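Quick one: this structure, given as C-alpha cells, is what I'll be asking you about.
Note that the chains are named A, B and C in the order they appear, and that numbering of residues resets to 1 at the start of each chain.
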Amino acid sequence: MSAMLSACNVSKSYGSYQALKNVSLEIGGGEFVSIVGPNGAGKTTLVNVLTGLAAPSQGTVHFMGNSIAGVGPVKLAAMGMARSFQLVNIFPEVSVWETIAVAVSSRLRRASNPLRTLTKDPQIEDEVQHIAGTLGLHHKLFERAGSLSQGEKKLLDIASAFALRPKAILLDEPTSGVSSGDKYGIMELLVKAARSEGVSAIIQVEHDMTLVARYSHRVIALQEGRVIGDMSPDVFFKDSLMLEAVIGPVHSSQKKNEGEHQPC
Amino acid sequence: MSAVFDVISPRIRPRPKPRLLNGVIPFVVLLAGLAIAPLMLTPYSTVMLMPALAFGIALLGMNLLFGYTGLLSFGNAMFLAVGAYVAAAATQAGVLHFELILIAAASLGGLFALAIGALCVRFTHIFFGMLTLAFGMLLHSFLFKFYNLTGGDQGMRVLRPMLLGQDWDMTATQFLSGPFYYYCLIVYVLLGLLTWRIVSSPLGLQLRAIRDNESKARYLGVRVYRLRLFAFVVSGVFGAIAGAMLGVSTGLADPELAYWPQSGNLIFMMILGGAGTFVGPGVGALIFVLLHEVLVSSTAYWRFMLGATLVFLVLVLPEGLIGTISNHLQRRVRGDAQ
Amino acid sequence: MQYANLFLAGLFQAAILFLVACGLQLIFGVQKVVNLACGSFYALGAFFAITAVGLLHQWQMPMIFLVPALVLSGVLVGTVGAPLELLLRPVYRRDPSYQLLLTFGLLLMFQDVFRFFWGAAPRSMDSSLYGIYGTIDISGLQIPVYNFLVIGASILIAMILGLSLKRTRIGRIVRATAENRNMTEALGVNSSKVFTMVFTLGCILGTVGGALVIPTSAASMTMAAELVVEAFAVVVIGGLGSMAGAAVGAIIVGLMRAFAVSLAPEVEILSIYLVVVVVLLIRPVGLFGRSAS
C-alpha cells in the first residue's frame, strides 16, 4: 500500500501555542480514515495542514508525491484533493445544477473563455447529471441551493466536491447538523459515490463514534496535538484508555483553543 | 436508503429557471423601448434620454462586478471620467472617428481598471469600497488640480465626433437625438449581448459562486482573484465607453464625473432597478434619468427627493424594482401551480 | 519658521478631522455601519453654527463665549442623529452595501436641507471673530489663540471619550455591544438604546467638528462630500474602528494637507490618497486596526 497522503514529523504552532507536535502519518489509497480526539486536540489544525491551507511550522506534507505545504485551496483542487467543511457550505443563490457545474467547469478549465456556453456544453451537462444522480440530487437540479433541506445541502456540498473527481477527500464532520435519521443515508451515499467516482481515500474528522465504528477502516486519535493512537476501529473500541482519552473529555471539560469545534 | 430524501421531494415543484424576469428577454424589451422612444419624443427629450444609455452601459459592467461578483465599488465613476477625457483629448487633437475614440477609451479604461483592480480586488466589502473610492478621488483631484493638462474645474470641451467616418451636418440636438442616439443604442445592444454571454458562461457562474461563498468557490478550484479582476476590468472598459458617450452628449469632460457621489449615483441606479438581475440596472438607469429630469424640472429640492427615494428603496424594496416584481411574479406562479 | 506655521495649521485641521473621524469610528465600531453621511453632519454643524453665532450677535452676548457657543450649537444640532438612527435599524443585519446606500441617501437629502435653510451660496461669519481671543507670538508668527482652543478642545473630548469608554458602566456596555451584540442582549442590555446613543454621539462629534471649523472657513454645499473623503482617509490610515487610529490618522492627514496646500497645492488630495493606498497595501487593516477574524 503506497502512501497517497503523508505527513512527516509535522509540527504547527500559533505563536507560543503548539497545536500539533511531531505528527507523522500515512494514508493510502482505498482507506477510510477517521480522525478523532477531544476538542482542542488539534484535529482541525491537522486537517488544515493536510489540505495545504496551513503550512506546517516543521515537517513535510506530501500528496501523491508532491509537497502540498500551504498550497492553498485552488491548487489543492487541481492536484486532486477535495475538502468539505463542518458547517454547511454552499452557494445559497445558485441552483443545485449550477453548484455542481461550478466544480465541473473549474476542473475542465472552462472559465478561461468568458464567451463559452455553460448550458449547452454536453460535457458539463453529462457530468453534472451524473454526479447529481450518484448523490441522489437528480430531482432537485433546479432548486435554489439555499432552499434545500439541511441533509440535501450536505449532499450538495459533497456532490460539488466529488465533481472535482478528487483522488482523496477530506470531510470535516460530514453529517454534523443533520438529524440522526438522515446521517446514515448521507454516509451510505457518500461511501457508494466515492466507490463509483474513483475517490480512493476518504478522511473524516468525526465526533460521532457510531459513524466512526460503522464506516472507517482506520482510526487516528489525537490528544493535545499528538497522535496517541493509529489503529483499526476494532482495536480502538476495545481500548478503554484510548476511548476515555478521546471521548471522556468531550463530555466533561470541553472548551477553548478551537472555537470551530463546538458540538452541534 | 435515500427514502428520506424521496419523501421530501414531491412537495417542492422543480422550476426550470431559478428567477423570473432574469433572462435576456426583459433586456431586449428595454432596448426595444429605447429604440422607439425617439419616434414618440421631441428631439430635446431624446437628448435628455441619452444618459440612460450611457449609464446603462456603465451599469452592465458594475452589475457584473456587484450583482454577480459581490464587489461594491464606490469609485467606478472614475472610468466615466477616463472615457470623457479621452473623448475630449482625442477630438481636440483632431481624432474625430468615434470608433477610434471608443476603442481608445475602452483600452485606457481597461488599463486603469487592470492596474487599480490588481490592488483593490484583494479586498472585499467595505475595504474594497473605500479603496476604489480612494482611487476615484485620486483621479478626481488629478483632473481638478492639473489645470494645464485637464482644464481643472473648467474641464475640457468634447467636440462633435464623426460616426462611421461621416460628418453630420446638422444642429447639436439633431445630431444627438438622431445618429448619435442610435449609434450609442447599437453599442449598448452589442455590449448587452456580450455581457449576457459572459453571465451565462461558466465564468459567469463562477462569478456568482464567488459572490455567494468565496471560500467554497476556492475549494472547488475557482480562481477568485483572477475572476474578480476580470469583472473589475469589464466594469472599467464599459465605464470608459459610457464616459466617452456622456462626454459627447454634454460636450464636456469635467472632473465632477470622477467625484465619488457620481459613483454613488451609479450604485443608486443599480439598486433602483435591482442588482443581480440582468435587466435591472438598465431599467434603474432609465428610471433614474427620468426621475432626475422630472424632479429637477419640478422642484429646486430634487436632491432631497432623490435621497428620500433611495432611503425608501433600501428600506422597502431592497431587491430593486425588477427583483421585487420578479419575486412577486414567482410567488404567483408558484401559488397558481398548487 | 514657515514650517512651524504649517505644522500648527495641520494640527488644527487634525483636531477637526479627529472629531469627525471619531464619530465615524464610534458608529462603525459599535453598529458596524460606515456612515457616509458623516460629512453631512459636519456640514450641518457648520451651517447651524453660523446661525448660532448670528443669534449670539443678536442677543448682544460677549463674543468671548464663541467657543462654548459653537460647541453647544454642535451638541444641540447633533441630536438629530437620534431620530435618524431609527432609519438605520432595519439594515443593521443586512449586507453592508445597503448601509452605505442608506447613508448615501441621507447625504443627498442633507444637501437640500442646507439649501433650504441656508441657501446655496457659501456662508461665512464675521471673520474678525477668528481673532477674538487674540494671537500668540511664536518666534515672530502670529497664531490665533482660537486654533489652540480648538486643538485643546479636541484633545479634551478625546480624553473624556476614552476615559468614559474605559471606566464608566455605560462605556463598558458600549464596548461589550461592539464586541458581541447578541451576547450583551442575552445579558439584558437594551442594545437599541445603546445604538441610538452611540449613533447620536457619533453625529454630535461630527456637528461639533463642523461648528468649530466655521470661524476659519466658510460653510458650503460641497463641504460634506469633501469631508467624507478626508474622514475616510483618516479611518483607513488609522484602522477602522480604532480611536487611537483616528487620532494618528487625523494627524497624518491634517499635517499632510497643511504642508501640501502651501508647498505643492496640485498634489494636496493626491498625497493623502497615496498614503491611503500605501497603508492599505502594506497593512490592509490600517495602522491600528485589528484584523478581521
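Rule of thumb we're sticking to: a contact is a pair of C-beta atoms (placed from the backbone, for glycine too) under 8 Å apart; a residue touches a chain by one contact, two chains touch by 3 or more.
This is a predicted model, so every value here is computed, not measured.
The central chain here, found by comparing per-chain C-alpha centres with the mean of all protein C-alpha atoms, is B. Relative to the C-alpha centre of chain B, the farthest chain centre belongs to A.
Rounded to whole angstrom units, the spacing between the C-alpha centres of chain A and chain B is 41. Chain A and chain C have Cα centroids lying 49 Å from one another. A straight line joining the Cα centres of chain B and chain C is 33 Å long. Counting partners per residue, chain A has no residue that reaches two or more other chains. Across the complex, chain C meets chain B through its residues 34, 36, 87, 90-91, 94, 96-98, 100-102, 104-113, 115-116, 225, 228-229, 232-233, 236, 240, 265-270, 273-274, 276-277, 280-281, 284. Of all residues in chain B, those touching chain A in their complex are 1-5, 8-9, 12, 14-18, 194, 197-198, 200-206, 208-209, 211-213, 215-224, 227, 230, 276.
Those residues of chain B that touch chain C in the shared complex are 66, 72, 74, 119, 122-123, 125-127, 129-131, 133-135, 137-138, 140-142, 145-146, 259-261, 264, 267-268, 271, 300-304, 306-311, 314-315, 318. Contact residues of chain A toward chain B in the complex are 72-74, 76-78, 82-85, 89-95, 98-99, 101-103, 105-107, 110-119, 121, 124, 136, 139-144, 147, 149, 151-152, 155, 157, 160-161, 163-164, 181-182, 184-185, 188-189.
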